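The next part holds the structures, each set out as structure tokens.
Both complexes shown next keep chain A, but they swap its partner, so chain B is in the first and chain C is in the second.
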Partner chain A sequence: MSAQTALMQQKAGRPGPDLNTQALHMDARRESLRLLALLSPSLLLVFAIIIVPIGWLFWLSLFDEAGALSAANYARFFEQASYIKTFITTFKVAFIVTGACVLLGYPLAYMLSQLPRRAASICLIFVILPFWTSVLVRTYAWLVILQRKGLINSWLIDLGVISQPLSLANNFSGVVIGMTHILLPFLVLPLYASMKTIDTDCLRAGMNLGAGPAATFRQIFFPLSLPGLASGVVIVFVLCLGFFVTPALMGGGKVIMWAMRMEQTTSLYSNWGAGAALGVVLLVVTLALLGLFQWLLGARATGVWSSR
Partner chain B sequence: MSIAPSALPIGMRGIEKRFGSVAVLRDLNLDVEAGEFLTLLGPSGSGKTTLLMILAGFVRANAGSIRVGGDEIITTPPHKRNIGMVFQNYALFPHMNVFHNIAFPLKQRGVAAAETAERVEKALDLVKLQGLGERRVDQLSGGQRQRVALARAIVFEPRIVLMDEPLSALDKGLREHMQIELRALHRRLGMTTVYVTHDQREAITMSDRIAVMNAGRIEQLDKPETLYARPQTRFVAGFIGESNFIPVECRNGSVWYEDRRIHTAAPTPAAGRHLMVVRPEKLQLLANAEPASGVNVLEAKVSDIIYQGDSFVCYAALRDGRQLTLRDYCRSDVLAKMPAPGQPVSFGLDAQDTILVAAD
Partner chain C sequence: MSEDFGLPISHRQRLWLYCLGGLVLLFLIAPSIIIVIMSFSDSTLLQFPPQQWSLRWYQAYFGSLEWRDATIVSVKVAVMTVLVATPLGTAAAYAINRGTLRFNGTINALLTASLIVPVILIGIGTFFLYARIGLNNTLTGLVIAHTVQALPLVALTVLSGLRSYDMNQERVARSLGAGRVAAFWQVTMPQIRFSIVSGALFAFITSFDEVVVSLFISGGETTTLTRRMFNALRDQIDPTIAAISTCLIVLSVVLLSVAQIFGRRH
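Presenting the complex of A and B:
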């Protein structure tokens, strides 16, 4: 009896090690449940518009035209040369366009980052402006400029630089020019943003310690801009892999990319299984590349620079 | 080990800097002696950081001359000035480890790998960071970053070292510790050092001489003790240490506060209105109204007394309502004389400690 009273007294009055633990634990649980409830609409939305369609795509790719379960859709990639050619073309275009975007975009982003604030924001508008115009409109505009009797060819002929018109559109170079123009802002914007965060005192420190302007750029500015460049490169490269409108219009039927192949397979031949398999392969290859990139970048950030 | 082979003096003449229509530095002249630790002290906007940037070569002056040793460097680009600098936020290179940060200036000068390793090791030793060469910059604490920045600024044996509020990002205890360490390092290496701060206590602790800057000009350039004991302007008296200002008048070769004659040790200044600078710790509580000769007496009424453990502060109002502050240690003889709030009190101020500055 007396022992029990003592225990009750201890529970009621004296602060022990588990004072209110139960209540606090319940409170924490309630809070996480409430947060989950708040999140659930968006989680459902993500599930409905991302997880379900991708799962369905994967499911579709496992059936042949007769509706039987088979690996025929995937086997086709290795058997038919045209698929392999499309695959190679897609990556060739992606590499060249990404390279062109880096060559054009890095100096542009560098210039923007060094301009005074007002001038930079005006120039930035010119970078962003094409974003607000339809891709279709811009692609047709390039066709007008690049075609056999377009602006460039007629100027060059008038100036006497060339006698025969260059074939700039309806071929590989047309695709590269058009896509580079459309994807350039995707490289410039993240790169510019990361260049703006580079501490000017770091550059000053570089000069103060005896590095001239070129050496400071090479040893300090450039390495510090690499993460921004990497994210721009990844965005451009991934967008290239799935690009449709520009290569379809500017390739003149000679440059078949992955997305065009998908469109043909599904709308022309109504072979949904084959089209789905194309989609799955593109998704897997893209994810694999991103993973590789992440790994390389991570290794670079932690390994190369900090080793002697 | 001595890192600075031969410290060089700096001579600045007629430095002018305007940003648009705003004059930041006006006809500034300053000589820094070889091996001296000189501090530019002033409130923000006084031009001290701009002057340092001009010295480092990051900001171009509109006019003026800077001579280091005998060489004019006003148009020399920063990377050829051979001046070490510690930045306010340290400006360590985040993509390099500690070793590469410190080796950077040596690499630019084409120092061989073996010698580089040896000199970086020595510099790390000097700033007490032995064995941390492989650390990434983001693995270091604030105090360690500070030391790396310092090591990087001195490893190439620069003629001059500049420091731009290098301790302002550290917490109080570490800051006071680093003040003493920087001072010791300067004594040991003897490089000409120009230090910028807005913290008067830091300036007094560390400097051989202090240049107090205000509105683009040097108000006074002196040793810390002279600056404190003999401020020449109201600004300097107010910026360094605590002061109460009492308006006085000079006429017929003597100084008057209302109808009371004020004794001063220094010669009486020109006739006109002046301010008497009264430091709280120079005032004494007088028990009776009969002071020793050469002590000025100020009669006031106690408004409040604040106990601070080792010391106390007595706030009192003069007859004209002006505030006077007295600070003293809690010794029994002082406590015995301690008045209560509302009581009249007599403060004594030795003629030796009576400072007059021009009323502006």
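Presenting the complex of A and C:
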């Protein structure tokens, strides 16, 4: 009888006093509150440690040294030659390192994707182990290898190839070599993962239809691997822009990159407004690049593992 | 069907590819191997291969009070980070896995923020915040900052474990009268414990190897190993660092192997 009334009321377009629906609603709501409670400690921590300070720094960047609202901190970037030089250096390093990572990483990922499973997983260890080794350890290793009295120079002199040591560390080339080594796994791992999903049947079909190995690669495999390559390139490029440790240790004070500039402005000169402005622009550029990539490929760019 | 040898291209035709790939692998692994070998050298000069072997750089490392204190600080911070980040990350992954919450996109973006925001900005921001609330140069401050860095790794690792687990099993347990906590603890937890352990190991390495944020917020009594190494490298290249680096490499190998073994048993 009551069920009939409810049905009639529903048909009439009025929400009936359906106790069951209401109870379910309450239950669902309580459930999401519980889930939110599980999430809240993590979200609070992230909010307090990342969002609040960045917002605060952004606020600071809007005021000049006298405390008046102004765009002076941002105008500086276009006016002072030293800032312009920093940006040019940063982008130059980022382009060269990303290019080197593509040149080295693509053949490696391709080989890994073609190897039998067992061999591939053994080779992968050589990619993952450096990935999880401290950036400091790897930078130190390159300092040892590349410096004036380092391994490369002493070997080359012993072999009689050169008489004067080459300057490989403490300059631009040292920074590029060290950063390429550190960032290479960030390109290889996503590229390898996407290459593994390419259907071998497509390649087999191409070869069946008369394409040689080179044509199959160029016309089928390479286009299919482009999304994976693009995500690796974006990750490496973005990490380059904010990279600190290697340029600070291997640049010899001559290669000033964006992150070093931020550290100097805040720690050395205590100019928080200028440092904050640099950080805000860096964040905006990073997010813009990731957003552009996501928009172009519709892929998820959040696979950026720890950006140390 | 053999998926491995699907293409009619012989290994010989691929020889150039194997050579090229092998060289890149060598480029990746050689620096670590060189450091490990050099750490056993007897010379203060950087010779490779070393003429004479000794453990003097390890003695220098373990004998130095400064290095020992820094190592103890790093271990303490890493252990506490694991203890905080693992439960928090697991809880977050559990909630995200349900996928019933509104603002799921926002929640994901917030949780993975520390992977996307440039780490130098996090370092400066954290230093700035800590200066106001007096957390610079404290263990608590370091643990909080490292927890934020480790959270997304734990959450993503546990989430991938939960994705291959059928949540209906927990519902069955609850319908049979188990409470929420009991159902999670006795049914879900044993099946995702390998992902939780992997997540905890990643949290440990993340904290132990973290450089940039520690550079800003640690100092004095709470100088971490990485901060001391960074400063030492700025001054000169002391072979003691080769010994410390070797210890760090061994630590990474051990933790990764444990994660791998746990993953396989899963």
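We take it that the second predicted complex is superposed on the first by the 236 of 308 C-alpha atoms of A that agree within 3 Å, B and C clash if a C-alpha of one lies under 4 Å from a C-alpha of the other, contacts with A are read in each partner's own complex, and residues count from 1 in each chain.
Keep this in mind: a residue touches a chain if its C-beta (ideal position, glycine included) is under 8 Å from a C-beta of that chain, and two chains touch if they have at least 3 such contacts.
For clarity, every value in this text was computed on a predicted model and none was experimentally measured.
Asker: Go through the superposed model and pick first if A:R204 touches only chain B, second if only chain C, both, or neither.
Answerer: both
Asker: Would you check which partner chain A:V245 touches, where first means chain B only, second means chain C only, and both and neither mean what they say?
Answerer: It touches chain C, and chain B stays clear.
Asker: Taking the superposition on A as described, I'd like to know which of chain B and chain C A:M26 touches: first, second, both or neither.
Answerer: neither
Asker: Is A:L290 contacted by the first partner chain B, the second partner chain C, both or neither?
Answerer: The second partner, chain C, only.
Asker: Once the shared chain is lined up, is A:Q147 touching chain B (first), chain C (second), both, or neither of them?
Answerer: second
Asker: In the superposed arrangement, which partner chain does A:A75 touch: chain B (first), chain C (second), both, or neither?
Answerer: neither
Asker: According to the contact criterion defined above, which of chain B and chain C contacts more residues of chain A?
Answerer: C
Asker: Between chain B (first) and chain C (second), which does A:I122 come into contact with in this model arrangement: first, second, both, or neither?
Answerer: Touch partners of A:I122: none, neither chain B nor chain C.
Asker: Quick check on the output: what are the common chain A residues between the chain B footprint and the chain C footprint?
Answerer: 201, 204, 207, 213, 305-306, 308
Asker: Name, in rising order, each residue of chain C that touches chain A in their complex.
Answerer: 3-9, 13-14, 17-18, 20-21, 24-25, 27-29, 31-32, 34-35, 38, 45-48, 88-89, 91-92, 94-96, 98, 100-102, 107-122, 124-129, 144-145, 147-149, 151, 153, 155, 205-206, 208-212, 216, 226, 229-230, 233-234, 237, 241-242, 245, 248-249, 252-253, 255-256
Asker: For the complex, which residues does chain B have touching chain A?
Answerer: Spelled out, the residues of chain B in touch with chain A are 56-58, 77-85, 87-89, 91-97, 99-100, 104-105, 108-109, 134, 136, 152, 156.
Asker: Taking the complex as given, what residues does chain A use to touch chain B?
Answerer: Per the touch definition, chain A meets chain B at residues 199, 201-202, 204-213, 215-216, 219-220, 223-224, 305-306, 308.
Asker: Which residues, counting only chain A, touch chain C once they are in their complex?
Answerer: Chain A reaches chain C through residues 28, 31-32, 35-36, 38-39, 41-43, 45-54, 56-57, 104-105, 107-108, 110-112, 114-117, 123, 126-130, 132-145, 147, 149-151, 154-155, 181, 184-185, 200-201, 203-204, 207, 213, 241-242, 244-245, 248-249, 259, 262-263, 266-267, 272, 275-276, 279, 282-283, 286-287, 290, 302, 304-308.
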